[in-house]
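Shared chain: chain A. Partners: chain B in the first complex, chain C in the second.
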Partner chain A sequence: MIEANTKVDYGVVKRWLKENLFSSYSSVVLTFASIFALVALFRGIISFIISPERQWTAITYNLQLYMVQAYPESDFIRVWITVGLVIVMFGLTWGYNSKNIRITINNAMDKLIKVFVVLFLLILITPTSVTTDKVQGIQEEVLQFNTRLLFLGYVTILLVTVIFIKFKFSDKTVLRDLLSFAYLGFLIASIWFIKVPTVVFDSTNVRVQDQYLPVASSTTIPWTVLYFVLIGFYYLGKSFNSKQVIALKRAIPAFWFLLPLLVVTWIYRKPDFSLVSIYSIDLPMVAVGLVLGYISLFIFNQEKNKKYQKYFFYLTLALFLVSLFLPILRQLKIIFFLYFILTSLSPYISNTKENSKNLLIVWTLSISIILFLMRGGTSETLIEVPGSSIYGGFALTWIIAYFGVLLSSPLGVLLALGRTSKLPIVRIICTTFIELVRSVPFITWLFFGSVMLSLFLPRGVEFDEVVRAIAVTAIFSSAYLAENVRGGLQSINKGQFEAADAVGLNTIQRISLIVLPQALRAVIPTLVSQVISLFKDTSLVAIVGLFDLLFVGIKVIPAQSQGANFLGTVLENIVFCAILYWVFTYSFSRRSMKIEKRLGLGER
Partner chain B sequence: MNKKAIVSLLVLALVAVACATDTAEEAAVEEVVAKTTLDTVKERGFLKCGVSGTAVAFSETQADGSVTGIDADYCYAIAAAVFGDYSKVEFTALTAAERFTALSSGEVDVLIRNTTWTQSRDTELGLDFGPTTYFDGQQLMGRNSDGLSASSTLKDIDGLKVCTNAGTTTEKNITEGARLVGASIVLETVETFAEAMEKFKAGACDIVTTDGSALVGNRASEGALNDWSIFPSTPISKEPLGPVYRSNDSQWGDIVNWVVYATFIADEYGVGRSNVDSFDYDANPEMGRLTGKNDGQLQTVMGLSADAFYNVIKQVGNYDEIYSKNLNPVGLYREGSANASWTDGGLIYSPPAR
Partner chain C sequence: MNKNKFNFAFWRDVRFLKWAFQLFVLFLVFNSLRGFFSQAVANLAATNLPFSWRFLGTTPGIQVSEGFKTYPESGLEAIQIGIANMLRITVSGIFFATIFGTIMGIARLSKNWIVEKSTTGLVEIVRNIPLLVQIFFWQAVLISFPRLEEADRGQHFIHISAKGIAFPWLDPGESSWLFGFWFILSLYFTRKVFKWRVSVLEKYGREAYPTIYSLIFLIISNILGWAGAYKLVGIFGYAASIVGNLFDVFPRIGIQVLFISVGSFYAVRYISSEVKRTRSAENRGVLTDDDIFKLVITVLLLLTLIVGMFLPLGVAISDFLLGNEAFFKSNWGLPQFFQGIQNKLDWNYSGAPFSVSYPEAIQAGSSTFTNYSQDVGKVMTVGYFATWVGVVLYTSVFISEVVRSGIMAVAKGQSEAGLSLGLKRSTLLRLIVLPQALRIMLPPMGNQYLNLAKNTSLGIAVAFPEIVSVGQTLYNQEGQTIAVFLIWMAFYSFVSLTLSSIVNFYNKKLKIVER
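Now for the complex of A and B:
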């Protein structure tokens, strides 16, 4: 059996080589030229990485600065709890949506073989010595012959094992998810064994020779625990799926949507949830909001009361406008505002029993969440950061990117609808806005938000620098998004509008049920590339004094002369930042490809 | 339907306007009662200090997010004087472009961001400059293999290729300086100084020029102490760096000034963190007055506590300690420079405390 397989494989390999690489004289030349170029390129990259000049400890030592800047270590437990929550929800989502796809061992091992072969080749072409001083031409040996042999031996053993498994179990299949757990488990296990270059100080606080030390247990233990939590909740999600727990299907997207808001409130605000204020302000407020909402929804559900709707609408409007000028709690004003929105929307949405039930749930949730966020957002933060800003590093990059997308998406869609609207004022406003925003560079807007805005605002009115950066990012991105969406809108056949009118849908229903689903579906690739470019554009906020990931890497760390002294370590940090950006933008685009596939885009 | 949409849009716009004016009015009412900077700072509970956050030895951000450096230490010193606790500072990282706007709009209380004191900045911006904490100046750096040394002068760079960054006064200074001594140079300007350094390292330039402190820092980070020389010993430009504050509040200005002077005076008498408690104040009445060992009236009339400057010296240190801690590691020493005490021939000088 095995014999037969190998024979066939040789033939395949031979034929593939002949057809693809050596089909003619010119292709032979091309093949060897590109192999030579690739080897030279990778030798260059490898010798850059392993050169003794590189101080990779600049990254391991500054990881905290990279991720959260000055976030106090005593509050790290909040970060771990949040990460745990994400892992729990990730496991549930994964398990709940699991399709039980099986793949053959043969295919899985083929992929591994590719990885190990590449690894083998990389070790093979690693240069023995690298030039550390170009002017004087000094070379230093970085890889001894014996070490290279040892590494090659390890990889060969792995390769042989994998090939053995491939042929031994070639007809067996395995759950794809199990395979993912195996790979993840391998990663988790490896952090217990690998040693990373670490900065070491002696007793007098003077930095001595770097050492390779194991990863600290404050990193390994939480991740190991989280790994098992992930597996546990994966199976829980799976069992929910088989038990047909429908509620989870709605809860999961809602949670992912709300998660960053909770993260910011819980990690960064650390709000003062004193019981007194919760009992005396928040709970009564929620009660007021709920009672108001239930009453109006109850009234509108009765057919005989429909004619009073209009008066009710004006009543709530008056209530809200009057409340603005009354010296009452801000929470109450917000509730009146939401109430007004509810009464103005409910005639269009709550026309069926099912819809009004949903509206009731949405109302309950939004009142509670908004009041929770107000408590978190407006009460004094309890986190003490000695000196420096609490927002920074990769966390800041994510905060700006996430809120930028969150705010710019609805704004962009509204602008696109406005620009294609028949109402002249709305159209002119939207067009002017889009053209104005798009015709000025992003950096100029950032400067405007950071430096000039404070000149226009009355003295004492201050917005946080981060808030201003988010607002500018969202506004700028929304203009581009609007044009993308408008492209989608234009692709929709006029017949669709007429059909919507013919079945008696009103404007909101026509747009939300007929037009937007088709328009957005058509522009998913451009929307994703917009998100990716927004994610990378966040690095520009550095010019207004915010320390985002890239700025920490190229300016902050290379300026550290105290402590471990990483003066001038720009190259290492640029490489690290580039890898981080690549990992995340690449996974965005992979994710969008999956969505496109699911929606059948490009197939019809 | 459309009518309804228009009405609701208009109402929404109204609401937005109403919300905005609501908060703005509240804030405006609060601002009617003019408060001194000191009151604002005390009420807030911490000092807002504008720094660079990325300037080697002046204000660096460390791995745990803390800020160190000579500029940062003077922020700590002001907090120690106002609150008796040096840690009550919030640093705001400012870029060169936004630093003055941030100060005049009240975003920071004091700006200590290696800012050069010039006539135009002092007179045109509505800002005042405190005493200089570091005397910097433009210098040149060249290779010893080109026959240059620390005692070289501008005449020695005749015929060499000089690199510097564009858009600053450094370019102007070197051109004028070279013309003055009759040396002909080839000037190449690049976008940032980091680029100029790369060119210098690669041998594409013979000389790089910028502020002396930056040259020393770069030389230290490249480990080229014995290969590269910085000259001339008297810089070709004056770059006095110190704290900046708004000019409409002389009480606050006095506080910032005298925090700096207190570190100078303590340095002059050799009083530092270690001996501030054991020092014989009876034998030195000036130090006694400064640290509030007598009645401390000099401090209380400024709005500070009597032991304000004692806290500065105890928690942050005197000028020499601040300087040595931050600037010695990158190879900048006081001896023989303008930053030596006036008793040693330098420019660090303070009015008497009496």
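Now for the complex of A and C:
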């Protein structure tokens, strides 16, 4: 076995080199020129990083600021709960959708060997001295020879281990997910062991010589716990999958949808609520909802009451419209509105006893969830943050991106339908809206939101600046989304419309059952890239002065003159922001490519 | 008449329902817009800053850090500076982004493994980082260069400092416009020469050297032009002065009648074509809701034009076109435009059109600081550099994707056919693949150009005074936020309409070649 592996087919390598690097004279020149350029680039990047001018402590010291800005430290457990819930959901989804793909150790180790060999070569060509004074050209030795040897030693040890594993277990296979856990485990272990320069203060709060300490040492324990939580919920999801709990297939997207709402209403906000108000207001309202649901789903669905169903429908409509103008709780108005929708749909979707029962459960559950979320969202927050919003840093970026997507999706689909509609006035209104919104850059809309929006609203109606930014983001994004969806709508075969007409569907049924499912499926890749660009565009809120990730990096930290003093550390912070944004957008886009492949789009 | 045979109530007629629904929607939209705007008017009245356009005429008392003027005399002029700065970046950005993007797109299809992989890596890095972050990055890079005070005062060839990049530039002389016009004309005629030689080649089948002929023509004509032949262009200036003088005797009613007759002509033509279309075999003379709606709108627009031409705004526009100085006190109208041409293209001008000047570091006023001299050389300021590099790099990455998919969409048989004819790879790309790919690439390319134009607005983050930034300064000074927003909207809509109509024009042109 070992003999077979050691025998390398040099002909293949030679042919590969000949075809891919040295196929012609110009190709040879190009190859050497680009190798030279890449090496120069790498050396430039490394000398940028190790230059003594750089204060990377600005980042290690300010990680908290980057993530949550000024969120009070005493309530950090709420941030961890948020992260934990995301990880729980992630593990569950991963486990539930896991395909049990096995890969051979041989292949996995081959990849690692490539990585480590490249790393070894890179360490070899790393520059050791840096020009500290550009005018006079003074050079300074930063990396000692010993350091380089040390790194080379580490990589060699890793390389030898990997090669050993490769030959020892070459015929074994392993679950791909397990391998991912192993890599993640290494990442978690690295925050325990890998040391980076950290700002240290003495007892009189004066900054002393930087020491090498593990990065973000206060987060090591939570991350480790979360790592095991992830593994636990992965196996839980997997067991659900093997037991074929089909309910989870619907529930997981619903959980993902509810999770951020739960976070912004209850977890992150720390609402000031009293149990009494829940008992005395929310629970009775749930009971009312339950009774109403029972009336609609069971009593009026009986054969003898069918003829009164229509009048009941008008009654609920009247109830809703009247309640709009009554001085009652907002929650009740929403319940009446939802009830109107339920009554209008119940004759079509609850045909059997079984269906009605399930529908009643879903109805009760959803109004309880809505009431619960509204209770948290409408209570006063107990978090006190200097500035107007409790959201800041990377958390704000995520909040704007999530709610931007959430609000813009239905609006965008409606606009697209309006633009392709046969009704001329509706079409003109939608087209004007889309084109006006698209013609102007996003930043001017943000200015509109931050400066002008309050002019158009009645006096006394004031929104939080984050809410305004989200609203503007949603409106802007919906116009772009509408154009993407329109592409999908236009790609649908005319025969589909005719078939829908032939079956006797009305307009709403035709759109919701025939047209939209196909149209949306066709444009999933463009929708995902739209989401990615929305995520990138959230960085623009820094210009209007919201404390998002970029604002912290570009304005807040380079102006810190108290304590640690990071005045003028702009480049380091921008590079960090860029890396953080890149990691997320890149993984989104890789993910979308996989989805595209799985759906088999463009291959039909 | 047979339609009424069914005799059902009119509110159950689908045609009635459709229009009732639409009118209801229109009413809702109109009403909410009216509500918003009346609220805005009320709010503005309460703040003692009623909505007005007056700030366009008064001196705003702001300083614009770069542009053709530093202290604008009116709000309108400030906005013009912003527009000029924005267009400067947009035009040069589109030019360079197209070149870089095409090179990158071709490099991503290269057979050379290392070239392909490194370009792909670059693309993946640049397009996944927000543009604003990149602009801040380039700003920080330029600022981290040594301060200008540390450099020697005096002349430099190319100099980079924290104040910007200074490089040699052509200083225009008196006759630069004449020569510039000559140069454009020479390009036009060079193209003619090239086409003539190609037709000779195709007709007689002998080598006619089109490239060499046209190059020689270009060089000779420009040497002649530089030596003084540019004076011939002065004829255009003379013609412009004659046209400009014509406006003195032209009455306002003439302009109004002209507009109305042009409008009526197009309306009548449109309506007749529409009616003709519905009389075709497949439509059998039936006007759909859509057609009726279109016709009604056309007639309404025409009526609006006829009435509007005699309302104050129409009168103001007519006066403006005649140069009667009624429009925001400005002295630009059609006569002034022709006078300007006459001033630029006067055949009395002489001397070398351009002379090279080198940048110079000088003392800034009486302070100890150093500045680049404004009169010689050219300085790329930090804001301009950061915005330009950021926008060009970001857009060229997306253009590379467009180019790549365009080339890949060309049928493989085409390049195989070219190879079997014995064409070189570069010739194959130039003559067979790219022309076909261009047709596929053009619409997404136009989209990217539009994105570039809109992305220049991020210059505000690095204090580059383009239109959004100047507008913000203006409304901070004058408080007219809504007016400034309307200006932004009008300007960007105009830019996107112009760009998309240019792209559509080329799109149509390419389509004709196809058939």
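Odds and ends about this structure:
In this section, the second predicted complex is superposed on the first by the 555 of 604 C-alpha atoms of A that agree within 3 Å, B and C clash if a C-alpha of one lies under 4 Å from a C-alpha of the other, contacts with A are read in each partner's own complex, and residues count from 1 in each chain.
We take it that contacts are C-beta pairs under 8 Å (C-beta built on N, C-alpha and C of every residue); 3 or more make two chains touch, one makes a residue touch a chain.
Bear in mind the structure is a predicted one, so any value in this text is a computation, not a measurement.
Model built by superposing both complexes on chain A: chain B and chain C clash. When the shared chain is aligned, chain C comes close enough to touch A:L550, but chain B does not.
Applying the stated contact rule after C-alpha superposition, one finds that A:S34 touches chain C and leaves chain B untouched.
Of the two partner chains, neither chain B nor chain C is touched by A:V13.
Once the two complexes are overlaid on the shared chain, A:L317 sits against chain B while remaining clear of chain C.
Residue contacts after overlaying the shared chain place A:V426 against chain B and chain C alike. Contact with chain B, but none with chain C, is seen for A:Q562 once the two complexes are overlaid on the shared chain. Once chain A of one complex is fitted onto chain A of the other, the partner contacts of A:Y581 are limited to chain C, with no touch recorded for chain B.
Once the two complexes are overlaid on the shared chain, A:L187 sits clear of chain B and of chain C alike.
In the superposition on chain A, A:V451 contacts both chain B and chain C. Working note: chain B versus chain C after chain A overlay, options 199-207, 235-243 or 325-333, clashing stretch identified as 199-207. When the two complexes are laid over each other on chain A, chain A has residues 134-135, 422-423, 425-426, 447, 451-452, 454-455, 457-459, 543, 570 in contact with both chain B and chain C.
By the touch criterion stated above, chain A contacts chain B in their complex at residues 61-62, 64-65, 68-71, 73, 134-135, 317, 320-321, 324, 337, 344, 385-389, 392, 422-423, 425-426, 447, 450-452, 454-455, 457-462, 465, 506-507, 543-547, 551-552, 555-556, 558-565, 567-568, 570. Chain C meets chain A in the complex at residues 18, 21-23, 25-26, 29, 36-37, 39-40, 43-44, 46, 110-115, 118, 124-125, 128-134, 136-137, 140-141, 143-146, 150, 289-290, 293-294, 454-455, 457-458, 460-461, 468, 472, 475, 481-482, 485, 488-489, 492-493, 496-497.
Residues 19-21, 23, 27, 30-31, 34-35, 37-38, 134-135, 422-426, 429, 435-436, 438-444, 447-448, 451-452, 454-459, 532, 536-537, 539-540, 542-543, 550, 554, 570-571, 574-575, 577-578, 581-582, 585-586, 589 of chain A touch chain C in their complex. By the touch criterion stated above, chain B contacts chain A in their complex at residues 1-2, 5-6, 8-9, 11, 14-15, 18-19, 22-24, 27-28, 30-31, 53-57, 60-69, 72, 87, 89-95, 97-98, 101-102, 105-107, 194, 202-203, 217-218, 220-222, 326, 329-330.
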